[in-house]
Amino acid sequence: MERRLTDALQAADITGYTLLPVLGGSGRSGPWSREGQVSIAGGMVQLICILREERLDHLLQTVLPVLEKHIGVVCVTDCEVLRAERF
Amino acid sequence: MNDIAQLALENLGSPLILSFVLGLAAALARSDLSVPEAAAKALSIYLLFAIGFKGGVAVAAHGIAGGLLFSLLAGALLSAVLPFLAFALLRVMTKLDTLNAAAVAGHYGSISIVTFVAATSVLESQGIGSEGYMVAVAAIMEAPAILSALWLVSRGSGDKRMDATLWREILLNGSIVLLVGAFLIGWATGADGLSEIEPFIVAPFKGVLCLFLLDMGLVAGRGLLRSRDLINGGLVAFGLAMPIIGSLAGLAVAALLGLSPGGAMLLMTLSASASYIAVPAAMRVALPEADPGIYLTLSLGITFPFNLTLGIPLYLALSQALIG
Amino acid sequence: MERRLTDALQAADITGYTLLPVLGGSGRSGPWSREGQVSIAGGMVQLICILREERLDHLLQTVLPVLEKHIGVVCVTDCEVLRAERF
Amino acid sequence: MERRLTDALQAADITGYTLLPVLGGSGRSGPWSREGQVSIAGGMVQLICILREERLDHLLQTVLPVLEKHIGVVCVTDCEVLRAERF
Amino acid sequence: MNDIAQLALENLGSPLILSFVLGLAAALARSDLSVPEAAAKALSIYLLFAIGFKGGVAVAAHGIAGGLLFSLLAGALLSAVLPFLAFALLRVMTKLDTLNAAAVAGHYGSISIVTFVAATSVLESQGIGSEGYMVAVAAIMEAPAILSALWLVSRGSGDKRMDATLWREILLNGSIVLLVGAFLIGWATGADGLSEIEPFIVAPFKGVLCLFLLDMGLVAGRGLLRSRDLINGGLVAFGLAMPIIGSLAGLAVAALLGLSPGGAMLLMTLSASASYIAVPAAMRVALPEADPGIYLTLSLGITFPFNLTLGIPLYLALSQALIG
Amino acid sequence: MNDIAQLALENLGSPLILSFVLGLAAALARSDLSVPEAAAKALSIYLLFAIGFKGGVAVAAHGIAGGLLFSLLAGALLSAVLPFLAFALLRVMTKLDTLNAAAVAGHYGSISIVTFVAATSVLESQGIGSEGYMVAVAAIMEAPAILSALWLVSRGSGDKRMDATLWREILLNGSIVLLVGAFLIGWATGADGLSEIEPFIVAPFKGVLCLFLLDMGLVAGRGLLRSRDLINGGLVAFGLAMPIIGSLAGLAVAALLGLSPGGAMLLMTLSASASYIAVPAAMRVALPEADPGIYLTLSLGITFPFNLTLGIPLYLALSQALIG
């Protein structure tokens, strides 16, 4: 899954993102935690992607199809960026 | 019958099973005992490497005697066919819809490598030999069942679930690659290679397996707690009946292949066991609508403990009575 | 602690949250890091909980008593959610 | 690096922050992940620092020189804080 | 006295202690050497499992000879009473307020399992036997001290600090469950079980303990660095005096129970040691206002190194002189 | 020549190398096989502790015979001088700018401890002795190359890259501290200490090394995949030529020092190997503009595999032919 997501991002020319590990959580599909799984099986990740507003739609069009049918939450926040020359 | 009872008792009293029971009990009592994810993964890497390597060394020592190819073929076939049996049984015994039934069925065609390892340990304790290449058979049985499950889903809806990427992900799954790779290394280096790393992969093996089973008990117990509302009588009955049916299919195939009693017992165990690593990972990608609470709990919470405690001695007794 | 928090959330019918691991930090009670602790002892977590604004007060009423007396920081950010049918 | 950053924060009297582990990411210097590194080598972290707006400039003046020349992203978000007596 | 000095010297020159010293020195020099959390947790799971299992096997071999029950009772009592002693001492020797004094006192009633393990290693090196059930005594001594500490706090204020959930969390604490569980498995499987996993839990034990002590040294050193402002002369004096006082209480009880010199030395070590796992976890929930910088640094940074280096040989010499 | 070929073949067929190849192949095939970070770090802690300890025990047993000090000095010199050689070579063979060339050069002056460990294993398999203090030489060779690299950069620009903090970070680097600390512990406790922890650090050593090399293969393979666009013919040629040139420098110094053939082979291996732990960490702080994709891929993806498979047997053959 992780690789599918990053591949989709790369395919969409979105090269800036960060992946954080997730310990567990709860949602529509009930509580979930690493503990209920044999550890060789995969875990969950949080993907942070900071980008210009005008590129947001592009991102969402790219990523949502990959996530469709999968559990998870997508949310958008405004933020101000320093060292903006990097974007 | 007496023999089975005694074997089962002996099996139940081994540190391996008791470690699993300890984990299960701790989880059900809601203790916070837990094995860190990285440690559990390291343990499973150790077990896969050791079991693959020793299988390869056994093949190097005794040769494959023509049996390897046929056994691989038979294993692949068993893995592909068992899901249909499981699917039919699920439609009769439970109220699962097609999607979930197919997902569960895929798990029972595939195998649980830890159950296999535990069976090997019992054979060793009893001093019973077996074909070294059964490790390769275990590896080949991981994947075909997934195809059958996806076919069962797409049959009705025409929905295509399989693509090249997924196929590749399944076959290059870490546990398959490690098992097969270690098997090949063991085969290539033979007894010389074994003597170099024997104090690492042979002597401490059972102790490591104890800790791994402790973790499996914790995982199974927590899964049962979390999914207790999903699991009803029909599902439990399926989770106990299917391994026995699977093992009989394995026994029949073993007889056709002319395997030794030990090898037959291992093929029975493979057929009886249900996957909780490779297949769930594939299902999460290919059938995300299916409920992991159902298929994981069945394979890990019902069938795995059953095989570990009662199944393995049963399969051993049957294989020795009918093939020995 | 972790379980107390998630139990409190569950008791308040808040079923959507995510737990992230924390490496260390610093606050009023001084710097803190996993390194100063025997590892079998517990760690710190970050709890992310996305929810409708009208439910926020309810959440805070539920969770704050559990946290009272404990170290930690609580903060609230606006965000826009996609796949909102999930909330 | 981590220690340099926290030392710089401490030197600037900024005593409230949290460190989260990062699994991987991608940016101007290409994709990056723990997997490409021998594990005894260091990893990446995310630093969260909640503080009064008037102290932000001070923080940025302190931290940016340490980060200069290093890869990474800095971003600023508004947020509302509870238990504000702590700040 | 000569004997003690020699024993202490021998102890100080063992790879175990030197590994601890290496970790301590690395931390104090601010080296970035660190053992990953998951690895350290895996090491402690190994140690708890091995020590529990071996204790159980010893009981299976030599029987409990009536002593187990009385020893368990005496252990629980010691754990409940020592915090009052510690509290009184703290009020005299330091300026801690009631809350922090009670929190610290709770730590000294409870035990440090690693100190216990190190003491066992010393006994083994010296070829001195001991009662196998001391492991069970160690487990039972973990918890009562917590109750005493909470009682000390609520006494004045009427503040209720204990609830059923917390009680349950303490008793089902991972390390207690694992220790007791492994003890029971060892007891149930006896010498047969041990022979199956001996190459894993016996032969490499001391080496694993070296790495664990390396990590303990790192943790203790980093704790000392971080909390150096909190720790003053009075606290240090308490951290050195309390283990000796505790060990004498343990010695008296051991004499009453009629333990062997080895068993007496272990009970002294348990009484002398201070918790840094179970009690801090409980305190973080029940007494969050108490400062972990104080209680963790005292037990981990002062008392643990003292016991490891000088305490253990001292207790051994005393128990042999007075009981042997 | 025949000898070298046979040695190389033998080396290539050992479980150690095959484990590395398995990891490399799995990564290149994009399998998801991976060793958790914490586990890999734990393995490296084990290897550093064991190799350091055994080196110290060897010194305790055979004495340092005056050679230690001179060897340390010579090692430091080699580490400081080799980067200049590498820098010159890089300017001729590749189009790297000063900054990146200096960064790469620093890596080749320093050492790879895993390559050293693999070389030790080969010596052991062949029953060839070596100076125990070569471990200390390995430790001392880690750092000086970094200074040379930074000097190469600041020379032109007058840019100061080194400060006390960085210097301290380099010298107190976890792997150096652990290696030197374990060496001193081994030296202090000698054969008695070894006998206590031998079943942990000696018997399972090669097996652990197999798993570690599996991980190294995965890491090297993933690095190669990620950086395949950065690496051109000139860089690859440098990555293969530099270790041979380095090893010859090491051979010359070994002859001057009068080392045994085994010791000479180890010094050659150290000179030939390139760092991928200490130096990259230092470069990330001191030369953040240099591209890790270049220096890590060269040292880990080209030179490390070369040394492991062909280099080590070559150095052994050379040292035996010219020094034996």
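The chains carry the letters A, B, C, D, E and F, assigned in the order they are written, with residues numbered from 1 in each.
Definition applied: a contact is a pair of C-beta atoms (placed from the backbone, for glycine too) under 8 Å apart; a residue touches a chain by one contact, two chains touch by 3 or more.
In this text, all values refer to a predicted model and were calculated from it rather than measured experimentally.
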Magnitude of the superposing rotation for subunit B and subunit F (Cα, nearest 5°): 120
Furthest chain, CA centroid comparison against subunit E: A
Per Cα centroids, the chain farthest from subunit B: D
Distance between the centres, which are taken as Cα means, of subunit B and subunit A, whole angstrom: 33
Distance between chain centroids, defined by C-alpha means - subunit B, subunit E (Å): 41
Subunit A-subunit D separation of Cα centroids, rounded to whole Å: 20
Multi-chain contact sites of subunit F, meaning residues that touch two or more partners: 32, 34-39, 41-42, 45, 174-175, 199, 203-204
Interface hub residues of subunit D, defined as touching at least two other chains: 20-21, 30-31, 33, 77-78
Subunit C to subunit A touching residues, read off their complex: 6, 9-10, 15-21, 45, 50, 77-83, 86
Residue ranges of subunit D in contact with subunit A within the complex: 20-28, 30-31, 33, 46, 60, 64, 73-78
Interface residues, subunit F side, partner subunit B - complex: 13-15, 18-19, 22, 25-26, 29-39, 42, 125, 199, 203-208, 210-211, 214
Subunit E partner contacts - residues on subunit F that touch it in the complex: 36-39, 41-42, 45-46, 49, 53, 168-169, 172-175, 177-178, 181-182, 184-185, 188-189, 193, 196-197, 199-201, 203-204
